[in-house]
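There are structures below to look over.
Same chain, two partners: chain A is paired with chain B first, then with chain C.
For the complex of A and B:
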């Protein structure tokens, strides 16, 4: 990897995304994490994740082309990746374990319950990363979500309203996770790859020849890390990045450019993010010509779906599939995030079905987006939907319906990378800054990325 | 980058104006004791020369509201008005004024006397009528005079429209002023005031036109609201007003000679990367923060429509001592607030061209139904006429709850970066139409 790579970081209100690209603008790696209260750390983790992803891709292709290891690639490649994720997870789990026990210090009953609970969690974690199917079953990739769900479930089994209330046990997790998330850990490829490979080779019961070849291959990768030209930041938290002004871009420009890169015919972009919705018009170079966004009210944005999911005790990703089962449209007048719960409960009390309410909710969200699109100049011939909500099939169906009703036949693009579109645009800007000789050395460059 | 904005020096003319306004509010506070009559009236279509003719003191409710906004008092006043039953959607100038009048104290902390006359000059804003109905309820003893200015719906002023306004001046406004003051209308005295107005107007136009220089020595929007201060308030038609514009003009000419930009909340803005035209009033509660969002990006506002709500002097209008009542009618009919949407769009497009602007920005006001309506149409039309991109932000006049700094900053930064991206040569512009 002697050629330069470029990093884009999108610090959103809910998640922080990062993308690494090469000189030919191919995506090498993607990283995502929850934005939490510490934007700096979220940025560092997302970028680390993107670089890990890029290195994992290289590892897979190197394995596939290796004269000795190629025969083992089908098992070894996913196994190393699983071991690597396990390593990352267990590092954070160790930190969580330490924090929980520190918080419970001096309270023998609580300490006993926690020790037992955390031991069971540790066992479960081993299983969680034991095979591909188990990985796929996880509802979220974020440590906070995985560990949180586990902890709550195991706490329920151990809670006793009189002697050890559930809230007391879970309260320990809530305090500990903030510290764990905000202190960070070494989750880099360089810091964990060797141990991950060891674990996989042991599980695989590899012979000495395979072991030696694998170790040599990994050393080669580690000796030639990505050379980052520069990083560009975007998203709501961009002002927090320690980058010079020319390495910070508005997410409106980044989503426009990212969408153009993926689908060069794009002329209109809709981005529904965590707290805002943007209608963007771009020209044939991906340059923004006009845009509109919601004002200070975040009604109908991604966060709204998050609240709805919480109210219904579902994961955000489960909302869309359930909404697709709707048999009738319930008309939802308000997409106010604050009143989301109230509206939902009212509909349920009127006897409406959950899927029908969700169907109506998704249509209401897209109706609001349609208004913003109209204000930005309408929907042109080729249209791209970006942001996290583009992964929601019910939102996509409502959008297709409403675009058809209002504008007629249009090409509608949705990339599996839609959530990374802003980060992709930022990465392209990073390449342009480097090409123009404006990227400041040491800032957002390789040395800083490793720090 | 947090800095103490109070340490940034002010332009000498700003200091002079502050003294003038402070002194005026002092005099206003003791007007009843000093035997002076007080008239409440609005900035667009104000008849200040006629009021001076009768030696009465004007009080401008929307100026009080914006002053309350800048002094961080409007939030409480609005809450007071909402307690009285005014809804969230009502114009916040009105609510701030209603809340302020309940306290009896004006924006400078001095007493505001009750009106002897409510002189409603109606120029395009429907809310003005409702506002004065409320004031009449609050001050039932006050006389009321209504001057109805026909809207330029077709974009022209006909002789009939002009005659209709003159007739109202003669049969409604002047008799009411005579009744309230016990003084006879003196046309020669009015001519003298009009002559002073025209002199001050020359000064103001020279200042506003100076923004055609590079760098622009003024900010024609944020700085502009200070420049229009005296001429939009009690000082039009006075010697004090003429002197203010002499000082201001000299100050601006010095900056032109030295190739200096205006003083902004972040310091003197010499490095001007973007030249912008603005439509809509500024936000007053976060005025300096709002201005800084422009200045930090190197954006200078070279022209604005807001600075024309009290008169389109830059388009050639001057008060004419030779035709006292006719000129007052022409003035009222030609106010920016009295123009229809196509006229507003053409005026903005003209500014974009004449001031060689890179683009234009609409600040849409949440609680102003009269003037925010149609701004998206204006945006598209000006883009079509000029080929320059428009930006759109939303805030409010004086309700601090409606200023979302993060959202506005995000939009402004995106807009300026869009301009930069286009400038870098790869961008395409909408096709330019002829004006």
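For the complex of A and C:
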């Protein structure tokens, strides 16, 4: 990769997204991580992940074209990726293990429970990353969520209200994860790829020729890392990013530009993010002409769904498909996100069906979005839906219905990259900054950043 | 008549985040003695199962069998208690519980996981008026619980930390969900945990004092509900009440304040049971009459 690449980072309230693009504005890689109080680190990890993704796709195409390795690509490519994820996960798990034991120091009962719990967690983790369907079995991609769910489940089995309350055990995790998440570790492609390949090759029982060819191929990739022209940051936490002012853009601008890049006919954008819902109108150049967003209250945003998923013990992405099965819509009277969670619990124990309640919830969210869209200037042709909630089929269906009822026929664009739209817009701004000669090379661009 | 004997009653308070159970012996002159108390958090379990579990534990602690209990009363989400005989509204049970905990109290301020309510009452725990928060979870217990989790602090540690604050910073908005992000922002700016927690206590106290004012509560007011145990919130409330000339009340609490609703339910249960016995409509009375 001798050509330059550009990085956009969207620091959101729930997740931080990053996109790497090339000179022709093609997306090379995408990265996402959960946001945390160490904003700098959240950005570094998202960017690291985007670069890992870019390198992984290079690895896949290199493998596929390789004269020796091409025959093995179907097994080897996913296997290396899985081994790589395992390496990243186990690094964080080791840190978690250390922190938990340090917190419990001097408390023999707690130490014993934790040692046992963490040992079982480690065994489970091995299984989590083996087998072909392993990736799909996990509810979330983030270490915090995977480990948290495991920890809570295992704590439940070991808790005793009198001698070792559940809250005490889980309290250790809550404290430990904060340290683990905010201190970071080397999760880069460069730092883990060789070991990952090694693990895969031994699992695959590869012969010497394959081993040698694979090692040589990887060396080649590692010797030629992406060269980054410049990074631009956006999103909720952008003001606190360690970037010069000209490398920071408002999220409204970035979402508008990202949507325009993906669907050039776009005139109206709806972005439903973790804690805000934005209605944006753009012109034929992707420049924002007006916008509206919610404030003071998180009702109808992505976090609303997050709360509900938590309450139901589901992953967020499982909600939509379940809601589509609704036969009727239960009306949820609470506007407040926190209240809706409690109301849901009550309805469930009164025997209402999960899918019917969810059907009602999704419609409620989209109704809120419709009022924001109306205030921003309505829904013009074409309409692009972005943000994490655009992946949710039940939300999309409710949106289609309501747009049809209120505005008539509209083209509704939804990209599989909808969650990365803000980061894509930021990456395009990064290229423009570089082209204009204003970019500060290297600022936040080192791919060897220890994330 | 059987109205002359002591009654055994149970009060079950099902809240949004926890279940509280008390078992009482109530003398004919309405004097109640608490025999057992059990509280457990629900934590995504089926509330009905938690209720059954807590009730079993409470009876075990009181060394009683279910048959020995004359009347089981629920309060809060009463529908979760399948085996209840009767149900009482939260206002009346909290008032009654507060008066039992602090005799002579003229008001109760109940701070639960989702709602807060201020109750004005007379010397005999009769409710004269009340106000509740609604529609929005800001200033509720759930709110501080979320923040505490995020900060890696257990609920028990929150109060003491808050008292250490030197420069508290209030979250900018009122939404409990948005405030979480606000808090992340504060952490990233290096605001200390005591100052964050105290800031939240202050913004909660703000809303609670407004509630007291609008319910026109005066005199001795008992803090009840789970958050009464939070020393940081108590301190913020006391300061704010002292600074506000429009409220004239003295805030007190009690180690068993979290059980106020369950206590009130058990005490009202005895009153209702005696009334039913007097009318001869209680199943127990009918059974007694049949065997006589």
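In the analysis below, the second predicted complex is superposed on the first by the 423 of 451 C-alpha atoms of A that agree within 3 Å, B and C clash if a C-alpha of one lies under 4 Å from a C-alpha of the other, contacts with A are read in each partner's own complex, and residues count from 1 in each chain.
Everything below uses one rule, namely that a residue touches a chain if its C-beta (ideal position, glycine included) is under 8 Å from a C-beta of that chain, and two chains touch if they have at least 3 such contacts.
Predicted model only: the values in this text are computed from it and were never measured.
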Clash or fit (per the criteria above) of chain B with chain C on chain A: fit
First (chain B), second (chain C), both or neither touched by A:236: both
First, second, both or neither for A:291, with chain B first and chain C second: first
Superposition-derived angle with apex at the Cα centre of chain A and sides reaching chain B and chain C, degrees in steps of 10: 70
Touched partner set for A:252, first chain B, second chain C, both or neither: first
Partner chain in contact with A:375 - chain B first, chain C second, else both or neither: first
Touched partner set for A:204, first chain B, second chain C, both or neither: neither
Broader residue contact with chain A after superposition on the shared chain, chain B or chain C: C
First, second, both or neither for A:283, with chain B first and chain C second: first
Minimum C-alpha separation between chain B and chain C after superposing on chain A, in Å: 6
Chain B and chain C contact sites that coincide on chain A, given as residue numbers: 236, 295-296
Chain C residues within the chain A interface of the complex: 16, 40-41, 43-44, 46-48, 77, 79-80, 113-114, 135-137, 140, 142-143, 149, 151-152, 154-155, 173-178, 181, 184-185, 187-189
Sites on chain A touched by chain B in the complex: 236, 249-253, 276, 283-285, 287-293, 295-296, 375, 377
Touching residues (chain side chain A, partner chain C) in the complex: 13, 35-39, 161, 166-168, 171, 174-175, 177-178, 236-237, 240, 274-275, 295-298, 301, 303-304, 307, 311, 313, 334-339, 342, 345-346, 349-350
Chain B to chain A touching residues, read off their complex: 366, 376, 380, 383, 389-390, 392, 394, 402, 404, 406-407, 410-411, 413-414, 417-418, 421-422, 426-430
